[in-house]
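A, B, C, D and E are the chain letters, set down in written order, and residue numbers restart from 1 in every chain.
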Amino acid sequence: MKRTATYAAAAIAAVVLAVLPAFLGAYPLNVARSVMTYMALAVSWDMLLRSGQISFGIAGLFGLGSYASALLVLRAGMDPVLSLVFATLLTGAIAYALGFAVLRLRAMYFSITTLALAEIFRIVLHNLHDFSGGPEGVVLPGVIFGGAAPALYWLCLAGLAITLGTSWYFERSKLHLALTAIRNDETSARASGVDIFKYLLVAFTVTSTLQGMMGAIQVQSYGFTTPETAFDANFTLLPLAMALLGGIHSTLGPIAGAVLLGIASEWLKLKIPYGHLVVYGIIIVLVILLMPRGLVGLARNRRAGRRA
Amino acid sequence: MILEIQGLTCGYGKLPVLRDVSLSIGAESVALIGPNGAGKTTLINAVTGLVKPWGGSIRFDGRDVTGHATHEIARAGIALVPQERELFPGMTVADNLALGAAYIPRAQGREERLLEQCLRLFPILKERFRQIVGTMSGGQQRMVAIARALMANPKLLILDEPSLGLQPSIVSEVFDRLSELKKDVAILVTEQNVKESLRSVDRGYVLENGAVVLEGAASDLAKDPHVEASYLGL
Amino acid sequence: MANKRNRTAGLVLAAAVLGILVWRPTVLIYGLQAAGLYASIAIPMGLILGIVHIVNLAHGEFMMAASYLTYTICRASGMDPYLALLPVAAVTAAFGFLVYRLTIRRALKAPELNQLILTFGLAILLTQAANLLFTSQTRKLSFEYVSASVDIGDLSFGVYNFVFVAIAVAMVVGLRLFLTRTKAGKAALAVGQNPRGAAIVGIDVDRAYALTFALASAMVGLMGAVFITRSSIFPAVGSPFTMKSFCLIAMAGIGNIPGILASSVLLGVSENFLKAFRGTREWADIVFFVLIISVILGRSIRGKKA
Amino acid sequence: MKRTLVALALIAAAAMAFGQGTIKIGATWPLADITGKQGSMAAQQAVDEINKAGGILGRQLELIVIDDELKADKGAAAIEKLVTVDNVDVIIGGMASGVALGQVPAMKKYGKVVVSTGAASYKVEEALGKDADWYFHLHPWDYNQGASYVQGWDEIQKKFPNIKIKKIFLAYEEGAFGKASWDATKTLFGAGNRYVIDGASFKSAALGGGDYGAMLEAAKMFKPDLFLWAGYDADALPMLEQAKAMKFSPGIYLGAPPGWPVGFGTSRLSENVMLYGMWAPSINNVSPVSKKFYDGFVAKFKAEPATYFAPLSYSAVYIVADAIKRAGSTDTAALIKALEATKYESPLGQTITFTPGNIIKHQGVKNQKILQWQMGRQEVIWPFESATAKPVYPFPKWK
Amino acid sequence: MKTLQTEHLTKRFLGLVAVNDVSFSLDAGEILGIIGPNGAGKTTFIHLVSGILMPTSGKVLFKGRDVSYAPAHERARMGIARTFQLIHPLENLTVLENVMIGAVFSRRQSLREARRSAEGICESLQLGDLGRDTASLSILEIKKMEIARALANGPEVLFLDEVMAGLNADETRQMISMVKAIAKERGLAVGVVEHVMGVIRELTERVIVLESGELIAEGPYSEVSKNPRVIEAYLGGAA
């Protein structure tokens, strides 16, 4: 009963999102793309967090995906749409290889290492002048789909849909049991037959792939990138903040957080041209202090309160 | 009376665990008996300020300490050996023991005598005096926890399941020492090992479902048919 | 056996240092100077992380705020930053205490990531408030002594920046004395290892946290005052140091404050080694991150073996 | 009586303006950065001046500024909003090339007239392509700047024979700005073997760097006649201090940051440091327009314009207003035609016209100026027509 | 061929020898007690057998196969299951999900099959409402759930590390009969670490005694408890 209602709500949301371009102008669609990009990053970050691993490397994989896609088009003459697929897979392959080293680490050491890897990607692309365009970045011959606002929107929506679908699968398959078990107590998970390394590797590779995919979509939608754009620390920090404000360890939380922060930042910017970021900072501080379990946690408490 | 609890009500979240519990401890040792989930640890947590009581009062040494912070209660003279030990894992045995006395007014100036007493009680700690506590086995850590509490020269010593994870020879040792200690320290102990504990304390309370159902001299309780059926026998 | 290996490693290291000293003396000079700066900024963050277990993402911003405070005081009074140092440290200590009381304390019981985002929000808040008050245009106080110079043969180099080495060493020694010799310090150390256990032995945990935060903030304030003698300041000046400090602490291992100094020297010297050559100059930045990963991975592998 | 008449006229003008609606100028700048902040303020100043004088075609101007937050996606969204939601007639503004690259696709899509105040990177020009006839670029491209320096130093050496330059050392920050400067310097000064070029990169203090020791060491070994650094204002004083500590004093010490720190001139080290720039308050002495702009800005905002983005943005508004007046409408084709005929005497101390760039059709300013800090003020040395002082040479040796 | 055997099993941590040259065997249907003073190496021994730790030297043989260096999850799949002294119920999962983990990952069952087998095990242990969050469980229930989780692996060998600790007499009696029943019905080889001598006496047929990592005595409890070395090291006045 409850599950049917959830499916129905998801289906309605999907239809509404898909037909939005018919009703909205280019500007709201553009804002929506930005919100959806951050949303996908926040959800993918949360997917790995469900195993207890806190990644600070979102920007690194996002940037890697961006550059892979851009360079495949520029250096290999690949079709932009095809480059999305290959860049996504390439990011996944790199993450898979790195996973063997990185996934030995836990807690803060894992976080720092992912952060350091992201910086290494950035510096390498920054310094390989002839190949990557160096600090000035690369400009593509054009924007994918001729830059049509609805097409770009749908592309981003597709990326988001893939991410949400994967997250949904993570929540309902045995991955959910494996990751939750690892997060709680690795030793007892091992004793129950969970191959910890394998599941961490799966989660790390899949979430990295998703982050690379969003990067590839982003670069093709803007037609250029630079190391500072592609590896912007905000691609790490904002999704983290969004997931936490929305509520972690779920698909719904990061979605709520991304909508809240994404729209708040755009709205504040228009209302308070000078100094809107001060208010943005205040919002983050207040939400964390007043809703320590995020929006979803708040809703859950409400519901629990009503039942009791 | 050293500790006097009146009508204590307490719990976690919305769930009440203790309902109107009253008990008192004089210059004696008292055992708190009851099944798991009866509220023994909650009672101890309420006394030591680790959880805030919902209602009722706790008086220690003539002072109302209801709802006071843990460190204030510790400084007033209540030492706790918690079930989870709560040691300082990165420090040596020596440092852990020193910290047991450092912040307690009653222990000031007597550290050496107290330390000597603890090392006599647990000779293995003398051997391991410079060992980092985190590298010791669970049972050894429990000894450190008990010794640390004794370092506070407490008026009231609370032990939450002290024999948990201890080998039998040490358990009997601990209870022997407790019988010795109770001459100058009031003791409150919860213990699964009811037979052993009733042998070495003066009085006992039986806590079931968050309420006191029986109280009396230890020797009487040991003969009580309800206690016999539920808590003795092994 | 481990001892022997350590000795060999020590000898190799000493030989390398000597070689560099003769061949490119500036590598060591500038390397140590950079190390002093890194370490003296990272140490207060390491103190908070080691005891309150909070990664303060607003760490660099605290320093930035202290620098602006110093700037304002010195501009208004014509005072030297070294004279303003104590009042600034006092103000930032109070500020740190207040921040702890008003925000951090409330987030301590929440999931640990919340504290990260909370301090991230504080960082945005501080940066943007500074931007509104002072704009993004940089400011700098200029003093003759900063250009103090020493000649050895043909070589002329600045010696002023060694002041950071002195500060870093003083911080390490001072903290060690504080944590092992004073009652408040021991309490802080105990709280850092087990807050519940500390409360049980009569330590006021909340007070220890607040004190640690205030002390670390005072150290950050001191650094902010000295920082302005060396560097220009602008609202975003602190943020790169937050990340750098965080990385150095991880490299040293949480709670290992002398280790922060050692990591800083390793990094400062390696960076300046790469900077000394045309072909590798641009890769100096990467050595930082490569070293961090190697040290962390190396330690984890060794840890598994042991 | 007279006052009543003025009031009536104003009301009438306002009513007319209301009837026809305002002429909307949309703009994006990074408002948290001093460039964007003061650029947007100066643009508002120009709009207020024009409106006070009765507006254009009897209509009032309205400036709508959106913060691009120095981010490409935010900048692009801002363009979409200005065009589709606010229905602006013209777009001005811009600072960072990275943001402009993000905005170009949206600009191309709508073909609205754009008068850009920023974006120096040739990559932006490449992205625009040769068909972007609606794009008017006020700021010189990076290669324009480089070419003008070559010309400037040639002319200076001719006029002041005591100044002789053979070896040039460029210290450039690692980012896009420094890298572009290095590429341009190598090609432009390196051509024809008249100069010997060397360079080294450094990490700017703006990005967490600030140690110039290794770079200065390389520069000192090279013994340049001209030492040029391309970095940010945060680097200005620390680099000088470290250079002094190392006793490195080339014949010419020249900085090319986009702005200078507050009160740089009050530092004793600043004396005779040379700089590249587009504008300095000293231009007030040779240009009445500059003085009008400067006085107006100070009166309105109680602050000195600290960056050339202020006069440049101020110019952008006047150029647009003037073109609309001449075109008689805001129709794109007419406006482009009118803009092509622009001849605006700007507060930069020079008249702005549009001529073809390497790719685009409408390039405004093509040169930079060579200035020198003298007695705490930026004095213009070159071009000689707007010069306010003679060069002091050589740069003082450290005592 | 015994179900489980160790040969000269040794584990060193830095300078410390935690388990020293221990050889023992355990057969199907047998319940073995493992006792010894605090710090004797009992838990380390179970860690070695279950693969949580790797031995420094010596062998672990499972049904004759050398599994000394097989990772823990593989040993779990082969049929070596265990509980933990310090229990960490998985907080964000229900009781049923906690138990399912073993079935899903050790027996490689689908979620649906695992749910069914977990329900069966929980029912036989009388675990009550399986949809509950683990935070609300009593200690007895948590201990039962721990055993259920281990059983869900489908083990042939089961080690119980102080499962009776914290239980009162009543509950201990319940638990003893439950463990006996499980061992019998499933034909398991069971190893039990316990400090309460009554439990050891009631539950086990054979006992091994560890001291400072070494096996110092072996035999029925009634014999071992008279061994002077055991009394001195371990039982003291309680014997």
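Heads up, the rule we're going with is that a contact is a pair of C-beta atoms (placed from the backbone, for glycine too) under 8 Å apart; a residue touches a chain by one contact, two chains touch by 3 or more.
Worth saying up front: this structure is predicted, and the values here are computed from it rather than measured.
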Joint neighbours of subunit D and subunit C, given as chain labels: A
Chain of greatest Cα-centre distance to subunit E: D
Farthest chain (mean CA position) relative to subunit A: B
Subunit B and subunit C: spacing of chain centres that average the CA atoms, whole Å: 43
Where subunit C and subunit E are represented by their mean Cα positions, the distance between them in whole Å: 48
Rounded Å distance, subunit A centre to subunit D centre (Cα mean): 37
Computed distance of Cα centres, subunit E from subunit B, in Å: 30
Junction residues of subunit A, two or more chains touched: 274, 277
Two or more partner chains touched - positions in subunit D: 32, 37, 174
Shared-contact residues (touching 2 or more other chains) in subunit E: none
Interchain pairs in contact, sorted by label: A-C, A-D, A-E, B-C, B-E, C-D
Touching residues (chain side subunit A, partner subunit E) in the complex: 173-174, 177-178, 180-181, 183-185, 187-196, 249
Interfacial residue positions of subunit C with respect to subunit A in the complex: 55, 103, 106-107, 109-111, 113-114, 116-118, 120-129, 131-132, 243, 246-247, 250, 254, 282-283, 285-286, 288-290, 292-293, 296-297, 300-301, 304
Residues of subunit A that touch subunit C when the two form their complex: 54, 101, 104-105, 108-109, 112-113, 115-117, 119-120, 123-124, 127, 237, 240-241, 244-245, 248, 274-275, 277-278, 280-285, 288-289, 292-293
Contact set on subunit C toward subunit B in their complex: 183, 186-187, 189-190, 193-194, 196-206, 255
Complex interface listing, subunit E residues touching subunit B: 36-39, 43, 85, 138-140, 162, 165-173, 195-199, 202, 233-239
